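Alright, structures below, take your time with them.
What follows is subunit A paired twice: with subunit B in the first complex and subunit C in the second.
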Partner chain A sequence: MSIIIHNISKKFGAFTALNNINLNIPTGHLVALLGPSGCGKTTLLRIIAGLETADTGKVEFEGDDYFSPVVYGKRIGFVFQHYALFRHMNVFENVAFGLRVKPRKSRLSKAEIKDRVFSLLRLVQMEHLSDHYPGQLSGGQRQRVALARVLAIEPKVLLLDEPFGALDARVRQELRRWLKKLHDEIHVTSIFVTHDQEEAMEVADQVVVMNEGKIEQVGTPEEVYHKPASGFVYNFLGNVNLFHGRIEHGQIHIGEISMEWPENELVINEDSHEQLKTATVFLRPHLLEIDKSPNYKSSFRAKIKHINAAGSQVKIELVASWGDSIVAEISHERFKELQLKKNMEVYVSFDKQNLFITPGLLT
Partner chain B sequence: MPREIIKIPSALGFSNVEEVRHQITKLISAESPQEFILDFAEVESIDTAGVALIDYLNEFAPRFGTEITLTNVSKKISSAMDVFHLKKVFTPEKKEPPGFFEKTGDLFYKLKNSVGDILILLSNITYWSGLSIVRPKLRRKGEVIHQSILIGVNAFPIIALIAFLIGFILALQSAAQLRQFGANIYVADLVAIAMVSEMGPLITAIMVAGRSGSAIAAEIATMVVTEEIDALKVMGIDPAPYLVVPKVMAMSLVMPMLTIFANFIGIIGGMVIAITYLDLDILPFFNEVMSVLRYKELVTSIVKSLTFAFIIAVTAAYFGQKVKGGAEGVGKSTTSAVVFSIFFVIVADSILGLLFYFGETTF
Partner chain C sequence: MTDNELIKLPVDYLPVHVQASVRETGLVKWLLIIISTLFLGFFLFIPLITVFAEAFRKGIAEYFNAFSDPAAIAAIRLTLITALIAIPANLIFGLAASWSIARFNFPGKNILITLIDLPFAISPVISGFIFVLFFGLQGWLGPWLAENDIKIIFAIPGIVLATIFVTFPFVARELIPLMQEQGNEEEQAAMLLGASGWKTFWKVTLPNVKWALLYGVILCNARAMGEFGAVSVVSGHIRGKTNTIPLHVEILYNEYNFVAAFAVASLLAFLALLTLAVKSIIEWKYKHP
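== the complex of A and B ==
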């Protein structure tokens, strides 16, 4: 079942949660809604589920206009961040619930329900805990039960609201992979909300990056990572160094570095005073190189403030000569080779092609 | 973050002050650094708006525990700052406290929404209760009985104790007065009428509101907070018939029984005083009670208890579903549920009391 979202807007009082959202989700895709807290991603998901009503616009499910405030009778699976398991029912009853409450005519027999529930519990690897109550389970187990409960009604659309948000990093990673595998098996159209870019990149076929109630970019994980549509997307999808530069006579000045203004592709407000033309420059930490002497690339002096050698890469915090603080990531080999120490003066360089520049000040 | 530096553009003035202000306040509110340094090295000109910005920041920042420091301020700029000292420009005008009419209007505006919600809930409950009486298939099996046990059977001992004490006290207080006139036997009349038409229903309602009203509100509120209600909705189950209707039905079934029981025990409480303190015999006391109680008192008792049952269940359900926030909200809505249901019960009691009193004299 494909989902088409037309011009959805939603306000809470004076706060605009969603501003004219248009989105098309093809059948069988696993789409991630990615954005910082408060960007409206959960609201959008709840509107799709029918738990919230939009002020304007509509949601269509495969041509069928679907704009009722409550979703009775629709086959939508919704997984909540805090699991929302029924506390007074055990695991089996929770999973069987959706099947038991169906009208008598379309209800399965008791034996069939039992079979179905156990096959689902097997799928989520919870068979051995079928008589436990939610209170006796760990977070990861609860979320798997919640998924089984949702899958029991054979949903045509699966909606997941930060499903792994409340779990610890390891369990999260495990469940992420498991979800991906599950989706490959059952191929139900799925939307999941997350604020974790890594999660979105790893699981989704398509990523929708949202900010302040608007869609910033829609694309495959590769597209949004390598061809970000805006400074916000670049900034959100990984660690960045952010510089504020001035633009003067076709050149960008950041601190003591000056560079050619890369073509004239970015439109600057012509009305603004020549001196006030500003640009925000982003650069990923792993694209910075550290040397003990200046080299042919654009380089600048910096002082090492802090070194963190735990992890796959060495993280080095630096203070540029003009006062901005910068983070660089280099390999352990390089780190050993340079024998870097705290308070050392070094030269930092980067490839101009790797810069991401947007006009105006952005924080 | 202990410290944050920002460069002020070369001309700080009317044209860009809003942009700079936005940027700085966003940083401060997001990171609340201990010290926020405004670097004036590049600033060549400043106007009144620019100075006002500095004044504004000095008032804004302490709210986040941040101290504003200016560095590299040239003589020209600092003298300009001394010239204009505009503390008041950006500080918002102090709002006048809302007047009588504003308050009243606000109250009614809020009330309007609540009344709407209550009406929707009432119509839902009435519709589904009616429907499930006609069509027993719609009922959740065993749920009404289960709720009746929770609300009714388990409340028996405490209501018995309270009713006994109330009857006891009523008799004791009136005995002292009636004795002076040798009207000992009228203690029976007093206790019987007061218990059956007033104290019995009222005491039962207050006990049930405290015991079960709070439990209903807490249960529903918890389910809202943990998104269990949403989970029900997406599974296509209307929470009103599923959760609320069985409770309303159980309450309406059990409250008259509890009330009659309380009346009986209350009269026995009075009888204890009559026998031990007023030297009456059981038989005359009992005869007097039977002669004074007529169908009217019994009808009053039952009608009142049914009304109270409905009030308690609906108020509890309303405050339960209206919960805002997390665990704290559950506590608040439970308290409101109890307070308001007792309030409404007493209001309804007065109205019904008047109706029955004047109803009898006119007809």
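== the complex of A and C ==
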């Protein structure tokens, strides 16, 4: 079932949670709503589920107009952030709930319900804990029960609110892969909310990046990562170094570096002279190179403040000659080759085409 | 000192004298235990024992004799009737009030929460008096009631109303904090899984609050049966007609009929002990589902 979102706006008092959202989610996709906390992603998910009403706009399911707080009977599977398992029911009863509350006419027989519940419990690998209560389960186990419980009603749409938010790093990794696999098997239109860009990139086939109640960009993980539509997206989708630059006569100045930069490459608001002169420059840490002497590329002097060699890459914190803090990531081989030490003076360089520049100041 | 050195200080480092001062000494511990035990003994156990001792002073026959008095039987009957009406009324009110307070935001919500506590804050005598002012012969509705031959004050309806008034906080106060803490996600989950509002209430809401609800009902019952002040004002003390157990005890006592007074009083004391026992069981059940 596809979901079409038309002009959804929502305010909580003076706070604008969602500002004119339009979004089209095709059947069978696994979509991530990604953004910082307070960007409106959970509100949007709750509006799609019918748990919240929008001030304006509407949500359509496969052309079927649907704009009502009454969600009863819509077959929308919603997995809550904290799972909302029924605490007084055991695992089996939790999963069976959706089957047992059906009207008598369409309800399965007791034996059929039992079969179905156990096949779902096998799917989520919780068969052996069917008589346990939610209080006796770990976070990851609860998450899987919550999933089995919504899958029981054969949802047309699966909505997950921060599905891995409350889990520890290892379990989270495991469940991510599992969710992706599950989606490949059952192909139900799914939307999940996350503030973790890595999670969105790894699990989703479409990423919707949101900020301050608006959609910044919609695209595949590759698109949003490699062709970010805005400085916010670039900034949010990975570690970045952020510099403030000035633009003058076709040149951009960042600290002590100056580069040619055709002004027409920047979409600049002509009305604002302030914006005409300032730009925010982003650069990912792994795109920086470190040398002991200046090279042919754009380079500047910096002093090493801190070295963290624990990880797949060596993280080096530096202070540029004009005072900005910078993080660079280099390989262990390169690190050994250069024999870098704390407080060492080095040259940092980058390829000009790797810069991402937006007009105006962004902090 | 550089920043780095500051960071290196162990987080759990505390000077020895600071660590010692956050622990109570054995003396303080035992002093507190002795004070509370003595206090309870003086104010609870001695009076309780006195009630039973006085009741049985002239033997078991005399004790049971107190209950064969038609006035005593009428008082017990009236008390049971009052409780049977007051408890369901407060059960429904308590559920409705705590549901609305825990689940919805509406203007005046805080006023409603405060008002629920009102019977705890004002003297029961005043509570009774409010009903006299309202329904009494000289009260606002008095003349109209008299014309239509409806008796509320100095009759059973007045007693029931006064009892409901003084006992309505019990159920609501037990449920509100619990329902607020539990939130409404489980109900939302139930609705999204296809349950109707009615089924959600019976299968999710009610089971989640059942122990707190029962606990509130037990306390409500104890107070409903034991209420003296408010009921005393509206009852009129008509022997065999508008006396509840506590009022009957007072009359017997004023007549120097001590054995009968304490015998009937022991019924209330027994009810109190039973309430405590049931309350403990419920609390235990609540913690070990």
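Following the convention adopted for this analysis, the second predicted complex is superposed on the first by the 352 of 363 C-alpha atoms of A that agree within 3 Å, B and C clash if a C-alpha of one lies under 4 Å from a C-alpha of the other, contacts with A are read in each partner's own complex, and residues count from 1 in each chain.
As a working rule, a contact is a pair of C-beta atoms (placed from the backbone, for glycine too) under 8 Å apart; a residue touches a chain by one contact, two chains touch by 3 or more.
The shown structure was predicted, so the numbers you read here are calculated from the model rather than taken from an experiment.
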Subunit A as common anchor, with subunit B and subunit C clashing or fitting: clash
First, second, both or neither for A:Leu51, with subunit B first and subunit C second: both
Greater subunit A contact set [subunit C / subunit B]: B
Which of subunit B and subunit C A:Thr278 touches, first, second, both or neither: first
Which superposed partner A:Tyr133 touches (first subunit B, second subunit C, both, neither): second
Touching partner for A:Ser293 - first (subunit B), second (subunit C), both, neither: neither
Contacts of A:Arg104 with subunit B and subunit C, given as first, second, both or neither: first
Partner chain(s) touched by A:Ile153 [first = subunit B, second = subunit C, both, neither]: both
Touching partner for A:Phe80 - first (subunit B), second (subunit C), both, neither: both
Shared subunit A surface residues [contacts with subunit B and with subunit C]: 49, 51, 71-74, 76-78, 80, 82, 84-87, 97-98, 101, 153
Footprint of subunit B on subunit A - complex, ascending: 49-51, 70-74, 76-78, 80-87, 97-98, 101, 104, 153, 244, 246, 272-273, 275-276, 278, 323-324, 361, 363
Footprint of subunit C on subunit A - complex, ascending: 49, 51, 71-78, 80, 82, 84-88, 97-98, 101-102, 133, 135, 149-150, 152-153
Residue numbers on subunit C that touch subunit A, as the complex places them: 185-186, 188-197, 199, 203-204, 207-208, 289
Interface residues, subunit B side, partner subunit A - complex: 5, 7, 9-11, 15-16, 19, 23, 26-27, 39, 137, 226-228, 230-231, 233-238
